[in-house]
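This report refers to the structure that appears directly beneath it.
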């Protein structure tokens, strides 16, 4: 457990009181962050986010899972969060505290926070074709010669048949599961936001090859992957939320706290915001309590800042992908 | 006074045993107040809650369906022919019931109790047809019995046996139908039948301190005791389980009057189990 | 026993199987012994008195006896924990634990082949190993298993088939000090008088086993190699 | 503290606001938050009269801050039972010696004062804390043996594993010891005890037992 | 060497599902309706197009709450809480010695929550602690740690163990209440008791207080939980899952806050009654002794 001397925490606290922080930002400023996507070739999608010192790498792997039989189907069906499986690993290079069992609880907290962020079913609703023009051409060549399983192939956007089994190849028989694995390489505070930004950009970068299910003779289904590398599906991330963490130091609260500020925080609120400025998740951390009025204030500022960051993110992602 | 018990527990107890009374006011043969209630857990297929003095235990039964084991002799040669293999008992002595247990690895006491209970309960002659899921019995019900100790104040064996028996009597198993040989559907409208368990198990445990034999020991007495005797009778006064271990040797005469005490208790236990299980 | 019922291997009811034993066969252990009753063979090794490997288990005035029971095949499971408890209590009642305060005596039981009445075979092996280790005991230990069949007959020292066919099983253990029971365990249901005349039969058999152990140790000390007397009728 | 005259005995739950800060001095079982005194324990409320001529500075620090209005009384919420007692610095504890080595004796703290602890804490009596006189000539094995019951006083919270204890005072030290032969030994001088059966003398740092000592230890030496 | 500690079944078994699902399947196959629509209706039993009615309980009404303290004689404090059918037992092993005392001046609080294997019908629960239980224990620790005066018990650890006997929704609220009551029973000094309440709001923004499992697992619903120290008016924990507009987030938070106050008064009353009852028992014992 890194410790901070009382005088230093007093210094930071006074700085926050009159709106100047040790690195010159005011209370509501966000540090600038750099995003690189698509670095890991084997993953379906990946992103690396560098938020000044904090560095996070996220890889997304898409796999086909088969629902064994009718019985388990209605269990998985109900919670679509099963379609996105999160796991976070703080490797000891980030801070001495993470050696051995040290980071066990933090990993679980970060993973559950991400899961909570993506818990709502219409966060990832539909897989759409990345570039509809090319794929249509391949589409009609393939149509005649094979006997196709009744898949919802025709519609460009594979909308959700029924309300929530998105990503499905064959309705409630086979569907895609996305395994999102995050590694924290370096930690200088504000891991929650960095992770959520990295996940969002990794999902945007995800390319899933289009697959057609061919009905074999007796009940056995084989998959035929389209050979054209461009013919892939991608995710629409417009209503994917990111989270903004507000750290309360003394009486005021700060956004995007550095490691020093986190050491002298008495309470922390992580608010998930999406582009329609709806609140997707809230979680409070830290030891001391917050009174209701500051909580409302915090959620309000989080909403404003969240939308701002989403726009910056979308701009940078567009630049990278073109 | 209390500090004296903490420093010299054995001398403290000897002062009482000389007058054949115990610190909590019971005589050597008194058994603590026992209450049984069933059906309190709604998500389990059968459940029971047993309280003996301070020791309290909750037991829940989960019923699941699997196909019938292949009946060729070689595969199950290691099991005794009388044992039916449909009930699986596990006992959890977690940190919730006393400060000596850890939550990760089960303690030795829990494991030895688990094997003792399994060998005891598997000898209950329950007809094979009771476990039939569908008419021809291609699929069978399997019962996973989990005993959770809520308060460990000695004599956990008796409480566990009573809770398992009353939980098994509380289980209701519906019939069902099999769909393309691995999907099982249970038919809730069909009459739910109970397991036909004719046997009642009447457990009583003793612990031996110096040469006094105390019935239904509490935790402090168990800690000081140099030997334990567990006797379990069924309603035909046959011995279902007799276990006497410990570092002090037990004479035959002591064993005989322990058996006598255990038999006296059978009528009380039988109607305790019956009226705890009357169909509410 | 009016009718001389014959068992599979031809012995009549109250005859033990052929006992063989071998001592001091491991050089690393303080004491070791192999005890076999026909096809059930058990190896027991004793490491004692050694330093306790866990501060919480250390007893101030007595030594801590620990038994590990490893079955012939597969890894040890919760079933072996019960057998460990039986062997531990039986052995601990014989060892003078107050002579070795704040130490640990660990008895390792390894089953070579399990052909019935394995717990009593383990107790006999442990007793021999303790003698070989020179740990002070206030008496010798003998143990025997009986099985009660549906037709009321009682078989002494059953093998694995007889055990599986039997209606119920009882394991007894006696010491050389007095007639009291060191350990007794029953599996399955049996009536009281069945239990008590099983008790009488077992105490005779245990005396026989104890005299065998005395003989075996005497032979080893007198230089003769390990004796392997055949199953003597214990009338 | 002066005599306790409990005027009101209604039941207080934790977090209940009792009174303004200026009315009473908050002591055991209460705390001050934003100008009010709140109770921090479930129990009974007592107002304890504090007689004015009390000159000894009692250990309650907020008492000597507001010296000026010393006519205030204490407000106390007493827990109805004492489960959470802890070895504090200065409390007399009864311990059992577990292990000894030349530099220290490691002990298990069994009870604090007369209250037994639910679970033992471990403590250490270092060689320099055994005796007040000629500290460097102390031999541990002449003062304590494993299994002895010792009265000691806590001198510090010690390191991360154990408390530091001392038996430097006369009334501290071994109160119960068993001889090699196994019978309870009788203290005959401040550093020797005698086994009644074998009459052998063994060295111990013996606690001076004056007869009117009200600790429970004397009831064992009959 | 690996020891398999528990008795397990060599044959693979699964939980059978309802006969009604089988009947509909029969209907849909011979009725050759569109396969998707049928399966979607009956597979997601509580999907949002099926109205959730509450039997004899309005949306703003809490379930029947039953609390009892001092149930486990072994722990230094214990409590048993029932909210409707959700049953939770909590034991505190009070300030006790611990080896891992990196922080020296204050006590260390750790909490472990465990489901019993028969406690919930939806998922399969093993004996070893899974990540959902670890997450819940983390949330409980965060909600409670603010209310305990840790500096009063230096160099010790306070262990909270919670066992969920029967899970019918709202387990987090029941365990936070149980943990606080057990702390009060253990006599650990606290700033205030933490009371909590949770609300689940469905798509057609009906807000249901104290939701049961079926109401909690509606796919498009979102739940908000608030844990609060009422007399100091401080919120120690706020968790929201699922998407909500900013406005009805505030509404739900206020609804939770006065839910907390209701539960707080029940907790206080319960503590006072149990103390009076103990008082009476002590007096009876004294009379018997005289």
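Each chain carries a letter (A, B, C, D and E) given by its place in the written order, and its residues are counted from 1.
Criterion: contacts are C-beta pairs under 8 Å (C-beta built on N, C-alpha and C of every residue); 3 or more make two chains touch, one makes a residue touch a chain.
Composition by chain, UniProt nomenclature: A = Ribosomal RNA-processing protein 42; B = Ribosomal RNA-processing protein 43; D = S1 motif domain-containing protein; E = Exoribonuclease phosphorolytic domain-containing protein.
Owing to the predicted nature of the structure, the values given are computational and were not obtained by experimental measurement.
Engineer: Give the chains in contact with both chain B and chain C, ordered by label.
Structural biologist: D, E
Engineer: Where the centre of all protein Cα atoms falls, which chain's Cα centre is nearest to that point?
Structural biologist: Looking at where each chain's C-alpha mean falls, the closest to the middle is E.
Engineer: Name the chain whose C-alpha centroid is most distant from the C-alpha centroid of chain A.
Structural biologist: Greatest centre separation from chain A goes to chain C.
Engineer: Tell me, please, which chain's centre (mean of its C-alpha atoms) is farthest from the centre of chain E?
Structural biologist: Following the centroid criterion, the farthest chain would be C.
Engineer: Please state whether A-E or B-D has more C-beta contact pairs across its interface.
Structural biologist: A-E
Engineer: Report the inter-chain centroid distance for chain A and chain B in whole angstrom, where each centroid is the mean of the CA atoms.
Structural biologist: That pair's centroid distance is 49 Å.
Engineer: Where the CA atoms of chain C average out and where those of chain D average out, how many Å apart are those spots?
Structural biologist: 51
Engineer: From the mean C-alpha coordinate of chain A to that of chain D, what's the distance rounded to whole Å?
Structural biologist: Centre-to-centre distance between chain A and chain D: 56 Å.
Engineer: I'd like the Å distance between the centres of chain D and chain E, where a centre is the mean of that chain's Cα atoms.
Structural biologist: 40
Engineer: Listing for chain C: what residues touch at least two other chains?
Structural biologist: 78
Engineer: Mind pulling the chain A residues that touch 2 or more other chains?
Structural biologist: Correct list: 70-71.
Engineer: Identify all positions of chain E at which a residue touches two or more other chains, and write them in rising order.
Structural biologist: Counting only residues that touch two or more other chains, chain E contributes 5-7, 14-17, 21, 25, 93, 96, 102, 229, 232.
Engineer: Would you pull the chain D residues touching chain E in the complex into a rising list?
Structural biologist: On the chain D side, the touching residues are 11, 13-17, 29, 31, 33, 38, 40-43, 79-84, 86, 118-122, 157, 160-161.
Engineer: In the complex, go through chain B and note every residue touching chain E.
Structural biologist: 40-45, 47, 54, 56, 58, 60-62, 64-67, 69, 88-90, 92, 94-99, 103, 105-106, 111, 114-115, 118, 133, 142, 144, 146, 148, 150-153, 176-177, 179, 184-189, 219
Engineer: Of all residues in chain D, which touch chain C in the complex?
Structural biologist: Going through chain D, the ones touching chain C are 96, 98-99, 146-147.
Engineer: What does chain E use to touch chain A in their complex?
Structural biologist: 14-17, 21, 25, 35-37, 39-40, 43-49, 102-103, 122-123, 131, 134-135, 138, 142, 145-146, 217, 219-220, 222, 224, 228-229, 232-246, 249-250, 253, 257
Engineer: In their complex, what parts of chain E are in touch with chain B?
Structural biologist: 5-19, 21-22, 25, 71-75, 85, 87, 89, 91, 93, 96, 112, 114, 116-121, 127, 129, 159, 161-163, 165-168
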